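What follows is a pair of complexes built around chain A, which joins chain B in one and chain C in the other.
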Partner chain A sequence: MSLAYYPGCSLRHSSAELDVSTRKVLAALGVEYKEVPDWTCCGSTPAHMMDHLLAQALAARNLRQAAEVGDELLAPCPSCYQREKNAELEIHKSDAFRAEVNEVLDKPYAGQVKVYALPEYLIKFVGEEKVASLVVTDLSQLKVVPYYGCLLGRPSELTGECDNEQPMMMDLLLQAAGVDVKWWNYKTECCGASVGMPKMEIQRRLSGKILEQALSAGAEAVVVCCPLCHVNLDLKQAQINSFLGTDYRVPILYLPQVLGLAFGMSADDVMLSKNIIDPEPLVKKAIAEAATIRAEEERKAAEKAAKAAAREAKAATAEPAASTEAAVTVEAASTAGAAATGATQAPDAEVQP
Partner chain B sequence: MRIGVFVCHCGSNIAGTVDVAGVAKRALSLKDVVHAENIMYTCAEPGQAAIQKAIQDKKLDRVIVAACSPHMHEMTFRRCVDNGGLNPYLFEMANIREHCSWIHTDMPVATDKAWDIIKMAVAKARQLEPLWANEVEVNKDVLVIGGGVAGIQAALDLADAGLKVTIVERETTIGGVMAKLDKTFPTIDCSACILTPRMVDCAQHENIDLMAYCEVDKVSGYVGNFTVDIRKKAAMVDWVKCIGCEICVQKCPSKAPDIFNVGLEPTKAIYIPFPQAVPKRAAIQVDYCRYFTQGKCRVCERVCPAGAIDYEQKEEIVQKRFGAIVVATGLDVFPWEERYHEYGSGKIKDVISGLQYERMLNASGPYGGHVHRISNGEDPKTVVFIQCVGSRDESVGRPYCSSVCCMYTAKQALLTKDHCGMDTEVYVFYIDIRATGKGYEEFIKRVQTEFGVKYVRGRVSKLYEENGKVMVRGSDTLLGEQVEIAADLVVLASGITSSPGAVELAQKLNISYDEFGFMKEGHPKLRPVETNTAGVFLAGACQAPKDIPATVAQASGTASKVVGLLAKDKLKTSPMIAIVGQKDCVSCWKCIEVCPFSAPEKLEVRPGEFKSHVIETVCQGCGVCVANCPVNCISLKGFPTDAILDQIEEVLLV
Partner chain C sequence: MIRYDATQAAFYREKLIKRVEADTRDCYQCGNCSAGCPAAFTFDYTPNQVMRMLQVGLVDKVLDSTAVQLCVQCLTCTARCPREIDIAGIFEDLKTIATAQEREVPEYAKTFNKAFMGAVARFGRLPELYMMGMFYLGTMKPKMAMGDAGLAIPMVTKGKMKLIPRKAKGADEVSRIYTKTIEKAKAREKAEVAGLEKATAEAAKAAEAAKAAAAAGKSAAAHGVSAPTAESEVAE
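Then we have the complex of A and B:
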């Protein structure tokens, strides 16, 4: 097994934070990969709307390039994933179609590269336990909803997602990372996609609805995988607000950004500064809250232990020496509590840009 | 040997593609064939008369009818030749309709094939020997499996006819799904009011033995002589002593899921499903009982005035013998939470199933008939019904129509207006309205016009929560528009599936079932209550989704079939069964291994020496043992091996 990594155009520029955080998370998880050498366009929207063969050939060229460095291809951008997966399925199924595609290509594609989306790859080949084992920062107070959009789960014949109405892969990964994942029934609704260009009011309305649903589900941030969803929800959030007369300030995070933070990476590591609605205050607040809660829990536990010890001591002997012993225990416990509070401040500090 | 061949036109069914006159004439050229003719409708009276006349006039000793499938008319013609004075097993059928004329369009090709089929039938007929049916004694007791309205109706009809009936019901009370319903369509009469008196009749009938909280464990035997092991489950309550006073239920401290109320509100670990339960006896759900899970409590034991609680009770097996079995295991509601994630996977509180809504509407339900929002208890102002949830939806593996949802939804829509006031907005999303029963279409019209329920033709694509409402997003395909309704309560017309355990029961009874777990009838039109296993009959929704009138009609039909069967003191069995040539048997017991009916047994022919022996009354004549016997010592009467070889030879040697 060897993994080829296909960034695609969005990850080069507009969604560089997705690229950077994905690479860092893969490294942290011990997943080795090589970037597809000399990769080119995946055949996204303009190509596959106009010419099927051209679109498949564009995707096939990347499969061929990927075959040089790996058996699996990871495409973090769901749109690239769709195009490459589409080509994989059609070409691998039909030798006749492969021949047709190869006629268009400069050099033929003869391989059997399997294409994976990011959540799919992590669930299938890394696993939730591995993700959970790397968690060092307590994100239990970070309330999020995972937003899958359309490309990760549909159509099911292509993605193999058995239930595209209620996908769970991002939910499971985020839960493994210790994040507070809220349930909502809006995971796969349309964000407006590229309709935002010709008909901006449609995108404003649809994306606005997603933000509204996220908040009413009790989330404070939305986690996505798709750069286009990110653009619609994050970059255009101000336009949504002015169109709908709302006042949303909902940070939109990429899945690997959240995983990276949970693994103890800094805000810079996962490029939080690139997100338009600044997620940093929220992340900081969540980490601090978690620390406070934990300190409080530890204090209570220590108090309880002290009381129990005192009771025991009292029961064991009626001598006055017992009370001194209990006092010592209480002191020790409170020191431990303080130490714990100190420890939890460390990741907090790391978030400082 | 004198063989007669009768080639049927079947109107144009056969004559349209096969030159029937030509083949009939040609048949005369075959060895031993002394008579051949073509007849317009052989199964009709003139056709049968012609066969009988030819038997007499031409002294025929074998008769071949080249017509339809033996499934269709073999029995008809066996009776015909029997009445004509010939042993019925000297008759052979050549299927030139289903196997030939219906599947070909080219006349010369079809005629050639028909000729081959007839030649083969003649070859087989030469090897046939007369056979005589056996007779077996008949046990006249009947087992009814399932105590819903189907089982109740069948049992009462049978008991009234003087037969002894045992009802086996797996819940603690009979009544089934109908007992859960509030009102029934299209008359809006109270379901319990018409059902509970019949339940009481069952309990009090001298000919009915009611075995509630029991399951069928094992079935063996054959028509007229079934042996059934019935497992009496441990209720942890002595039902002879229990008086159904419900004091234990009131005092029990442990909560448990309420299956009868479809999980709307919890019940107690010791429970009686509903006030009119028959028998009205308590049982303990041990998984939820504090005494069984934590080792202490025994509150019910302390408060029971009858001393009926018995924590040591064990389940037991009772063996009974029956002549016939009626399967009436009913239905279950489609588990929509598992498949309709767009409707919230069961996580949105104010989205409930149709059966849950019945319990909400019902005065003896957990809310005393108060229709309200589960989330906050408020009266709903807008109620939306969604039809075809788990029906007519291939994406969830349910392509069939559940047949009752259009009507029960209309009824529930009407009752909503009745309970919550006429100013309540009620919407029904539908694909088509199927209202084919008596008075059904009129009922739908009344709901739409008189009660002002708004029908929207289209599916709902999404349910989600917003500002405390359930948002219903769907399409109105008549207007070609998207619609969005803010609802207070959404009721899903969840479809009908087979009862859990139906497939396992069908396997125990050796009857067929379809891919959805519904039991298969003997013939979709002509044997609608029989199964392919003699002596096992069907009633109600275990066969296919159906409403109460159809269920009751089928149950009565089944009862009359059972009465007809058991009216005889002895039953004739088919003589076409396997017989072991014990001289050659090497006692390998392969036949015992492969027989699906457990017909072969080890028979001690002389001390210490065992040979295979087929129990005549058990054998169904399937021939599996014949094909498996390594020394060819088993033969199937009516299908001699030589006859089959001759048939093959006839068609291969031109």
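Then we have the complex of A and C:
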């Protein structure tokens, strides 16, 4: 059974970096997939605000197309995921509703396709161990907060998350990738969604609050999965600043971009250049800091090893002399260096290499 | 003076139970939905007020409110409702009812939906730039368009937007789904509204008869708790 991949409209152009990095991360993790043949728009925001049957039928058309590939559908865009998942649940539950939907489709949908979001799929079918085993780049100094938005966390019965207010799947994946994940309370606050277009004030205020909370949690970047959240936080960050009088410059990364970087992919591989607030300096700084810290730790470890070796050597030379000459001063020992004879008295004394 | 309408309340209560599996009568006005709502600061009525208005039948006011149209569908209210009412589901359904009744709703909601779905029905997949163009044309507010025009520059230079949309293979089917479902919804709503009007007229007649009976001196029994169909007036 193979996995069907539904990119959705946003991933073709405005969030090409999410599409490309997702495909590369899936390949690195050994997940095989095939794109849904002739997929169309899931209906997104407006369809379910206009008519219920319209929304479910548009989504069902894609489920039908996905059934040609297999019984599992991965939709990296959380908005597509919610629409497709909603249709899946209602259609699979009721044959009467399936018939109603099929009435407006050109060809009926008869399958049993199950829909997954990206973090959900990775947690359930790949696992944190596998993610951790592929890490080659140290991102321990990359301080981030995972931002789930509305669609990955709510309702938890649908998304499979542990809690409506504190979902964990992105946290777990980022931790597995070795990233410094900060705890915060804005994981599932709304960014303003598409209402930002007709009523921009909603988007400016809500997204501004998220950036403020991310910074005060100690994060330097926000990790998202949703292209619309990305637009509101990244592309519109300048507009937020001019509306609120702030001067935020917070890079907004996609989850698979971070995973790809941890797996050793380059900035070009995960298309960091497509992000509006350039995340590259931050990523470079974090990697360099991690390298400095690692070098420092290595230096300390080498020092410790040298000390231990010196002690052993001293102990070896001191053994025969121990019975005769016990009262050798500490000064004499330190000036004499590693080869001092009376070091038995002070086994913890600092020895300069 | 606010005119409560028991017929409307009962009608929409049944409708919402059927369509969203949510009963407006379950609401006991704790206000949790409004406390958590991220967009309520722009609403004319807060979510709990909307729930109360549905309970007493002020449905026309609700359908024309900015609250229903500015709801971002983040589902926070639904997740936090102690009575487990799918409030966001109710708001979503009210939006679809307003669409089916072809109401002139506030806040360019109709313009946005039409620009978006029109573009999807034509091309099968959403051409973002085309959709934005159609939306701002629809609003007839050049100032609004100018506010977002600056966004197009980085989008185009970063290769995040295609200038010329192309038609996807399934576009014709999408277009047919759009036309069929919207026509169906309009027809259904028309029939239902006709039924509601009839029921309202009957209720008015019954109320009139009750009043006449009361005037005839047949005690106060017909006045207060007479029947759920009777229209009662409550001073604010």
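The rule is short, and it goes like this: the second predicted complex is superposed on the first by the 314 of 353 C-alpha atoms of A that agree within 3 Å, B and C clash if a C-alpha of one lies under 4 Å from a C-alpha of the other, contacts with A are read in each partner's own complex, and residues count from 1 in each chain.
Just so it is clear, a contact is a pair of C-beta atoms (placed from the backbone, for glycine too) under 8 Å apart; a residue touches a chain by one contact, two chains touch by 3 or more.
Since the model is a prediction, treat every value here as computed from it, not as a measurement.
Asker: Which partner chains sit in contact with A:Glu212 here, chain B, chain C, both or neither? Use first/second/both/neither.
Answerer: A:Glu212 sits against chain B, while chain C stays out of touch.
Asker: Touching A:Cys80, do we find chain B (first), chain C (second), both, or neither?
Answerer: neither
Asker: Which chain, chain B or chain C, is in touch with more residues of chain A?
Answerer: For chain A, the partner with the higher number of touched residues is C.
Asker: Please indicate which partner A:Met265 is in contact with in the superposed arrangement: first for chain B, second for chain C, both, or neither.
Answerer: neither
Asker: Mind working out whether A:Glu189 is in touch with chain B, chain C, both or neither, as first, second, both or neither?
Answerer: A:Glu189 contacts both chain B and chain C.
Asker: Could you tell me if A:Glu165 is touching chain B, chain C, both of them or neither one (first, second, both, neither)?
Answerer: A:Glu165 contacts both chain B and chain C.
Asker: Using the superposition on chain A described above, determine whether A:Asp38 touches chain B (first), chain C (second), both, or neither.
Answerer: The answer is second: A:Asp38 touches chain C but not chain B.
Asker: Hey, what residues of chain A end up touching chain B and chain C alike?
Answerer: On chain A, the overlap between the chain B and chain C contacts is residues 165, 189.
Asker: Which of the residues in chain A come into contact with chain C in the complex?
Answerer: Spelled out, the residues of chain A in touch with chain C are 9-10, 12-16, 38-41, 43-54, 57-58, 61, 65, 104-106, 150, 154-156, 164-165, 188-190, 192-195, 197-202, 205-206, 235-236, 238-239, 273-274, 276.
Asker: Under the definition above, what is the set of chain C residues touching chain A in their complex?
Answerer: Within the complex, chain C touches chain A at residues 19, 38-39, 41-42, 70, 72-76, 78-80, 92-93, 95-96, 99-100, 107-109, 111-113, 116-117, 120, 124-126, 128, 132, 135, 139, 144, 147-148, 150-151, 154-155, 158-162, 168-171, 173-174, 176-178, 180-182, 184-185.
Asker: Can you check the complex and tell me which residues of chain A touch chain B?
Answerer: Against chain B, the touching part of chain A is residues 163, 165-166, 183-186, 189, 212-213, 216.
Asker: For chain B, which residues are in contact with chain A within the complex?
Answerer: The contact residues of chain B facing chain A are 340-342, 344-345, 347-348, 462-467.
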